[in-house]
Amino acid sequence: MLKDQTFLITGIADENSLAMKTAEKILENNGKVVCAGLGVTPFHKNISEKAQAFLDKNYNDFQTACHKVLGDQVYTAPLDVTLPESLDFLAKDLYQKDIKLNGFLHAIAMDKTIRQKSVKPMLEVTVEEFNETMNVSAFSLISLSQALLSNNVLQNGASIVSLSYIAAEKVSSFPYINISIAKAALERLTMEIAHELGRKYGIRANAIRFSPYMGSKAGNATLNAEDVEKAHQKSPLGNALPEDLAHEIVHLFRKETRITGEIRHVDGGFHIMG
Amino acid sequence: MLKDQTFLITGIADENSLAMKTAEKILENNGKVVCAGLGVTPFHKNISEKAQAFLDKNYNDFQTACHKVLGDQVYTAPLDVTLPESLDFLAKDLYQKDIKLNGFLHAIAMDKTIRQKSVKPMLEVTVEEFNETMNVSAFSLISLSQALLSNNVLQNGASIVSLSYIAAEKVSSFPYINISIAKAALERLTMEIAHELGRKYGIRANAIRFSPYMGSKAGNATLNAEDVEKAHQKSPLGNALPEDLAHEIVHLFRKETRITGEIRHVDGGFHIMG
Amino acid sequence: MLKDQTFLITGIADENSLAMKTAEKILENNGKVVCAGLGVTPFHKNISEKAQAFLDKNYNDFQTACHKVLGDQVYTAPLDVTLPESLDFLAKDLYQKDIKLNGFLHAIAMDKTIRQKSVKPMLEVTVEEFNETMNVSAFSLISLSQALLSNNVLQNGASIVSLSYIAAEKVSSFPYINISIAKAALERLTMEIAHELGRKYGIRANAIRFSPYMGSKAGNATLNAEDVEKAHQKSPLGNALPEDLAHEIVHLFRKETRITGEIRHVDGGFHIMG
Amino acid sequence: MLKDQTFLITGIADENSLAMKTAEKILENNGKVVCAGLGVTPFHKNISEKAQAFLDKNYNDFQTACHKVLGDQVYTAPLDVTLPESLDFLAKDLYQKDIKLNGFLHAIAMDKTIRQKSVKPMLEVTVEEFNETMNVSAFSLISLSQALLSNNVLQNGASIVSLSYIAAEKVSSFPYINISIAKAALERLTMEIAHELGRKYGIRANAIRFSPYMGSKAGNATLNAEDVEKAHQKSPLGNALPEDLAHEIVHLFRKETRITGEIRHVDGGFHIMG
């Protein structure tokens, strides 16, 4: 279904990341992937030893998992979406290696106001925490698109998919407060570029709200098993599985489908329950 | 993708019907189809000659198109969703022929207040016109599900897709007034059975809002070329094509995907424009 | 605020009806009301003794409550919204008494598939039950508007308010199944006439989703105390009170406010909880 | 209606500001107002002469208009929502003057990517422009609430209203791109604090989407007459007027109404048009 098409996958932390399941499914459908993971780049200046160690471990886990699951030959590169030079460097590298993208998965989110499964109330969130979460989790959709387009890496007709969740729309029983505002912005940004890039380049952009998922590193760090079980009970079909999400993304990645600007649910029906 | 699966397709009038495009796409994906078209059934009593002639022509066009496009062997049967006996007869016939369904497409709508591309204002619609449109276009989702389930024809885990359009949510510039109320009801019914049949049988139910489309008999009878062109201009990717719709339906028909209760848009982005 | 304005109030069963609280609030704001209650009309033919007794008791309760709460002089009349002659008779009577309406409250709903606080699954609802609920609870908004407008009783710039609830949009934990489809249709009808009557006559139409409420006869017959308490806990401000609803309706009734087509929530914030 | 109640009004630039109309309406309803306008505060460091002159003129216009329209005695103070010290200073000053607030109007927005009625595409917006618009137009709702609550100025049961517009939800034909993302965030923040402050303090928070309006300084600087006229034609009742908005805000400000978390439209029905 995705023959001769290549997609950039962000948001892989390890083997269990949702983004990894998507990458696997793309390969199964005869597509190709390139992967960018959080790591030290030449553009990080004056970072602490602790931060360096964290980033190194993160990148190592990412790369090891990519090689194991997606093959030794898979393209991997470090990326920090808050550094414009890092985005530009990645785009230029892809260009020089003659890798043209038919789309990308934006699966990047970060919220330091969630610690050990508990979360700051909105009124205690600082402007720095608000901005950082907003930039990493929402604006990066724009800066990544900018970098890829200005370097002629993202092709006409490409398909962009971003990961959101139901907390973007409603007050959540999960520890999603500050991040839920960023997800609302991410969804609205997805619609805006669906319009702007759709008219200019035939590029599509859609977002998906997935069931709460503890299997990944991020999910495990933030969610409580009890809350996830409640969502499972509430959803007519139970919580959706990573494979369901991967199917949907592959579907949205397929060529020339005039679906754009949509906020879709892959959630076992969670969103229809009043 | 749909190997060993069989789907009931309603709403085929001729070769150009959206439902026909969907049936073709199911075959391409190795699935099987059975088709029900509007025609005279043994349960029509005392119908006028004119009505008989209309129904006969309709059924003949349907059957001819099915045989031509889907093959001589394709199962076809007459159906009038307003006659409970007709629904029951169809279900029993499928059961006796040992045809188990993995889902169905509900693409049935009728609104006599649209005549020659113009439409009655809401305040002039009679209760009979309201009820008839509501029954044919919305309640039939329930009566068809009832008939298939009570005759053990619809399998656990089946997938139901209904066709709606943006007029279900907003006031439309197309001649959709009375029918738009029925579509709102159809969408809400889709959500209700997503819940009810999801919990009981793992059955999924989703609705799709498709771009305005004049290629079909129904579209051609109701829409103006100018209005369709306006929607085309307004949509970032232009109006979606029947093939886009067929892809989406096949995607929702695939087995064991935990997507349910959704109202999806296949519309080139029309719905994101304020 | 409502000086020299007169509103038709439907949906009063007794002193505790939500519609009665609204009528009281209109009087407090110097407006006038006329009330229509379910009862036997000259247009009921061949009704059973039992039905006659039910309707008589209903009308008697309505009239007694109106006189007690709204004053002996308040206009009261029987109405059955399923009988076009009854609607027409009411409108003509208002016209002959030179009562011009500045708006009306549509608070009429009926669903026989709810019995003793339990409810039929959607798949067991018959077409007759579906139609009856749809006609009484949704189409009556149209037929009442038709009757009032064609008899020159509803003035230009009038304001129409209909009562809905959150179940119109989502699957409900309350015994709202068949009726929820009718409420979805009612909301969509409200939007449609907001457009149609807005352009023609400057008439406004809005719907309100109110918190679950057991204080009224209808609420008490359908809701469980436990479910209402759950909604109270879930809502940031607790369930809204009848007075909150009455305030909102009076607000929407005030002259020349360009608010129309809205589906508003008076629900303590229930609808924002995911 | 608002007797013995005091509200903080932000967003007044001159006599024609929407916030000014609201302040007037509060006085008409026997409430009191205090006004904060953009101006130089003791916490501005090292600002350019040009910036100083701009801020001085802005504050002067604000103060002159307040005195003229709301009376010489009205409380006015400078405020820059991007400076935490400025927010804190205002709150402390109110506290020391024993002014307790029953609510506030958030009508603050800024987007430097709109210049002379034209607007940067999303892909050209820099992270600085994104952050600045987001902070001034959305996060300020939080920082203002923080300052008022931590200084015991905002009372239990208070009512917060924020100004949004339809572009928060859909792609706009107005020059709202970068700002529309901030408005989406503002709406989601309004819902989040409706929950958080509702449970803790019985505080309510709602947002209003108003018709496009050129009468104000901000509207005149950004909107084209032609686009505003198109919205007027599209809306069943035409564009809403500042007085309609003021009525709605006064309604939401009234005590003890259990309406919260709502995104309301005062727009002549614009939002119902598909």
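Note that the chains are named A, B, C and D in the order they appear, and that numbering of residues resets to 1 at the start of each chain.
Just so it is clear, contacts are C-beta pairs under 8 Å (C-beta built on N, C-alpha and C of every residue); 3 or more make two chains touch, one makes a residue touch a chain.
Because the structure is a prediction, the values reported are computed rather than measured.
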(request) Compare the contact pairs of B-C with those of each option in A-C, A-D or A-B, and report the one where over half match by residue number. (result) A-D
(message) Farthest chain from chain D, going by the mean of C-alpha atoms per chain?
(response) B
(message) What's the distance between the Cα centroids of chain C and chain D, rounded to whole Å?
(response) 35
(request) With chain centres taken as the means of their Cα atoms, state the distance from chain B to chain D in Å. (result) 47
(message) Averaging over Cα atoms per chain, report the distance between chain A and chain D in Å.
(response) 33
(request) For chain D, jot down the residues that touch at least 2 other chains. (result) 169-171, 191, 194-195, 261, 272-273
(message) What's the contact topology between the chains, one of line, ring, star, complete, other?
(response) complete
(message) Per the contact definition, I'd like the list of chain B residues that touch chain C in the complex.
(response) 84, 121-123, 125, 127, 130-131, 134-135, 138-139, 142-143, 145-146, 149, 168-171, 177, 180-182, 184-185, 187-189, 191-197, 261
(message) Applying the document's contact rule, which stretches of chain D touch chain B when the two form their complex?
(response) 166-167, 169-173, 272-274
(request) Going by the contact rule at the top, pick out the chain B residues touching chain A in the complex. (result) 191, 194-195, 198-199, 202, 204, 211, 235-241, 244, 247-248, 251, 254, 257-262, 264-269, 271-273
